[in-house]
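The chains carry the letters A, B, C and D, assigned in the order they are written, with residues numbered from 1 in each.
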Amino acid sequence: MKFFSDNAAAVHPYVWEAMQAADAPDAAYDGDALSRRLDEAFSTLFGTECTALWVATGTAGNCLALSAMVPPHGAVVCHREAHIEVDEGGAPGFFTHGAKLLLADGEGAKITPDAIAKVLDPIRNDVHQVQPHAISITQASEYGRVYTPAEVAAIGALAKARGFGLHMDGARFANAMAQLGCHPGDVTWRAGVSALTFGCVKNGGMGAEAIVFFEPGLADVVRYRRKRAGHLQSKGRYMAAQVLAMIEGDLWLENGRAANAAAQEIAAACGARLMHPVEANEVFVVLSPAEQAALHAQGFDFYDWPAPEGAAGAARLVTAWNSEPAHVLALARAIAAL
Amino acid sequence: MKFFSDNAAAVHPYVWEAMQAADAPDAAYDGDALSRRLDEAFSTLFGTECTALWVATGTAGNCLALSAMVPPHGAVVCHREAHIEVDEGGAPGFFTHGAKLLLADGEGAKITPDAIAKVLDPIRNDVHQVQPHAISITQASEYGRVYTPAEVAAIGALAKARGFGLHMDGARFANAMAQLGCHPGDVTWRAGVSALTFGCVKNGGMGAEAIVFFEPGLADVVRYRRKRAGHLQSKGRYMAAQVLAMIEGDLWLENGRAANAAAQEIAAACGARLMHPVEANEVFVVLSPAEQAALHAQGFDFYDWPAPEGAAGAARLVTAWNSEPAHVLALARAIAAL
Amino acid sequence: MKFFSDNAAAVHPYVWEAMQAADAPDAAYDGDALSRRLDEAFSTLFGTECTALWVATGTAGNCLALSAMVPPHGAVVCHREAHIEVDEGGAPGFFTHGAKLLLADGEGAKITPDAIAKVLDPIRNDVHQVQPHAISITQASEYGRVYTPAEVAAIGALAKARGFGLHMDGARFANAMAQLGCHPGDVTWRAGVSALTFGCVKNGGMGAEAIVFFEPGLADVVRYRRKRAGHLQSKGRYMAAQVLAMIEGDLWLENGRAANAAAQEIAAACGARLMHPVEANEVFVVLSPAEQAALHAQGFDFYDWPAPEGAAGAARLVTAWNSEPAHVLALARAIAAL
Amino acid sequence: MKFFSDNAAAVHPYVWEAMQAADAPDAAYDGDALSRRLDEAFSTLFGTECTALWVATGTAGNCLALSAMVPPHGAVVCHREAHIEVDEGGAPGFFTHGAKLLLADGEGAKITPDAIAKVLDPIRNDVHQVQPHAISITQASEYGRVYTPAEVAAIGALAKARGFGLHMDGARFANAMAQLGCHPGDVTWRAGVSALTFGCVKNGGMGAEAIVFFEPGLADVVRYRRKRAGHLQSKGRYMAAQVLAMIEGDLWLENGRAANAAAQEIAAACGARLMHPVEANEVFVVLSPAEQAALHAQGFDFYDWPAPEGAAGAARLVTAWNSEPAHVLALARAIAAL
């Protein structure tokens, strides 16, 4: 019974079908009919003209997007626990050719205009200090917290006022949207987002994410950077097929909802153990080493997590689009029984 | 009837099967059972202990391998028409952080110790000039020519004498091996190759190549660089499945043989039109614009190619593992009838 | 009466003389007789065989040294307020091709093995997280604090145990040595320092620092990197002349002592205003805006500084080798009179 | 009697004087009065508003300028024997973060629109090939040849039509202007040059060149890049002093004329030995090894040079602003007597 990562979940049958339907020969790279359909499909989804490029990983998506917003001598403001800072093996430094990440604090791995200002204010506008050129936020955040449209818009306004790009890491964008219930445009371009890494892999895809550009010009640069980074796959039609299978119907949202519902079921059993409100598909809970061992012994797989102050241990429980109801129920009961 | 690129061919049924068999959840990234089997599978194939990492594209494979051999202030010697120089959108400069490619000449896009020496000899060993640290060759070459074991070994000896790494771009390694009939170790580690980009995508794979390291130490660096380049896919088991499907049986060789045989059938019809001996799955032929138009009118798809001196036009015809015999026969007849 | 930076001080007459004596034509770059004398001069000074390269700025010196210790996918541990983090315009990211700085805390901008461990311990040794390869400390620190030989040795032991390089930013190394009174080897190579940026510019030089390498191999890389960074000046003899003028006699130490003595004189007048013990040539003092204005009105130039908690303002007072005794006395009196 | 490089020549007395006059403390970096005078001084010299930044070396000047014109995924067209390609230790790759140099041919190390077109025409405008963004020419060229205003303007027109930047490496700009006798604006901004590296070091300076920007915007980027490259010297007033001493009077032109005249005197003695017309301060001559030895034996220092086809040897003779008339005469006579 696996709750260690949505990364490990199987590929959704619709995605398989779409990939197999792409088996007929077509033009190489992104010249095929499916890849050429991406812009329109995302424009429909977001209710505005946008450009979309497939890419194999969220790390590549995030960092390619940032590389078009930030010069090598610039910086990106993000949360201290953002994936780009903590878990991408230095990819931002690679793709941006050495730009810096400036780290803001904030509850639940979310940042606010105030937290951003605390980072920006001490920076003198001179050549001795690295100047910020973009902000990156994660939707849903690394702690499964969701930015409301108003929260994003407040950051978007700050970004606009300073001439910064605003990037959204949407590895779990579907989970955030399932929670918010609003139009996907409301937390992205209408709120000032310049580019979104639209996650599919954690949500039933195999190896394709999309970078969605709401600002003309960014995509033109990233097209070259994607090839230069070895991310322009020659059989791109299988990449496009995955993405289209997710977004041309409601699959992305349905999968997001399913994972969120499973998380809620577990959360309900956790009570005061919860370290963060559960708004997506991640549940962070205080669990002592002994309690963790007990759960492991019952067949539950999950990662431990740094314990909050005063606690002996903690764990991260992640649900997926295909978390089996019986497993979810079993886990909820097991935790309640601790 | 498509002869424009082996990149466009369908995925082989065995590869599909292997990918689907990987659908069960397993550890993320390359911690899964399939990814962990790669080293052994390639060690068996090559008859020596080696380390193998999957990666989505040949460009990423080539450039990650080079990035472990060459410091940013160094250089790589390759053929003037090598894929890394001509067709990778500057990826070598990106992955090596600005190292140079030093361009050697040679018939059929192959280089020799003499051609390499012509590049190396004028370089003064001082800080004003960029110093070479590696050599890269392509097997089969960009013109479908094959290096014999002795030819590789001669280059390997030069590399060893100078302390250089030797990289082999094996996007069409299967086609080369189908032609050579020797042991794969004979043209790689026994001949001094440090790392090989083992191509699968042009040979019936979907989006997975392998970098095979014959020198301990190189892989240790590339593991970090792969993640940093956004190439560590989270559902790596689908990548490993593709590669294993190719090499744990004879699929890679069979596919290479099938494509080569189709190329030979076409070549036999080309006579004096042939621009290069056909040793793999590419046929370069002199075809006037009118002749090209005539073939296009009959339903044959292919790319034109820069005409050799004295000719009015030329074309590149590429076969694949699944080139249909009827199409191949039709093309051969059509050319013969020109 | 200028106390804003030792960077602004005049060039020492001996340095001028040495530069003018270098006016006779000699070999270009670093092939001249003076440049070739550097290794020996520093070996004598430090009591061990070492290699020294001149370079125009401390930023270049620090970052070239680090670039030889840290791969692009690696990281350097330094203090949160280190010059390389705060004041070099992102140069570490440029010279190391995107490596990260990992920020440790510590009183007086000094770090300890414990503070370093706090940074290192949470880093998992996997490819998702950037791995540290070096430590950089500043002697004297950005707050004019000095590491004792034992303190450096403790960090050196940690570095050695982990296989890290240890870099010392010695922009004010002379001031530190003037304070310590020990042998310069005691706080460098004997304590595990791999490379030292030996500052001259703040200490009476014009535009030449030296990178002193105590580990064979590092200098060999930096020679190429220095040229590649445009830092190999063609009339290098004027660079070498400056450095030799400083170190072939006691000039460097005398100048350091003079600046330190001036700082002590001011410090003695500051009493409880002092924010840090004064161990070099910088005095950080609590001064309200009104007090600052009063001093400015009396003709004293200095930079304001972020106020410590509970204070209304602060300032940084920097002395130099040539701070005029009358000015120093005047400033001390003026502060005492506040 | 030294004819090996103008790099080795002494510093001109006026430059010494100007540097010594800068000894009074002033603001650090480029905030001093002299540095702040550069823009105006160059604007007067070139007859148009321009921005100028000092930098220690031609390599840094060239590559910083290019880094503002070319993205990391782009390319620069230059001559196959351009200094940036052959003699800067890979600095263009470093400063541009991996952009390529595309090599054009041309007599005397000069390029023409036709030669540039030969490089550009085969480049497909797709992501697989590195796209050019700038052209760099050297005035006077690496073989001492000079571009006329019309020749530069023709290249400038091509650059403008393609949206490229046009960089001029003017390490020997003074020698070129001494030969041309036209207004310096005629071969620079009026002819479409975006940025010029204005050389001083080979012409009597010590360690300061200027990058002159004729396009607003480029300098704004380079200010940050200069600091990030460790090229913002803290005692910048000594840099500015050198440059101003050269250009606020006629010193730069007088020195250029003196060096050129010496070269003409030698050239007149060379007759059919000349490999290139002598238009600046370099004389390339066919000299057999025996003849070279004979000249060396008479006390003449110079570098040998790759022999042209059919010749047994060659040499490069370089004059400087302070070549002693007696030495020049002696060399001319010695060559004539061979």
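Things worth noting here:
Please note the rule applied: contacts are C-beta pairs under 8 Å (C-beta built on N, C-alpha and C of every residue); 3 or more make two chains touch, one makes a residue touch a chain.
If you're wondering where the values come from, they're calculated on a predicted model, not measured in any experiment.
Taking each chain's centre as the mean of its CA atoms, D is the chain most distant from chain A.
Centroid to centroid, with C-alpha atoms defining each point, chain C and chain D lie 34 Å apart. Put simply, the C-alpha centre of chain A and that of chain C have 42 angstrom between them.
Chain centres here are Cα means. That of chain A falls 50 Å from that of chain D.
The residues of chain D that reach two or more other chains are 72-73, 88-90, 93-94, 97-98, 127-128, 224, 227-228, 232, listed in rising order.
Chain contacts in this assembly form a complete graph, since each chain touches every other chain. The part of chain B that touches chain A in the complex is made up of residues 2, 4-5, 7-11, 16, 20, 23-29, 55-61, 63-64, 88-91, 93-95, 201-202, 206-207, 224, 227-235, 238-239.
The touching residues of chain D, counted against chain B in their complex, run 72-75, 86-90, 93-94, 96-100, 122, 127-130, 306. On the side of chain A, the complex with chain D involves touching residues 71-73, 97-98, 127-128, 131, 221, 223-228, 232.
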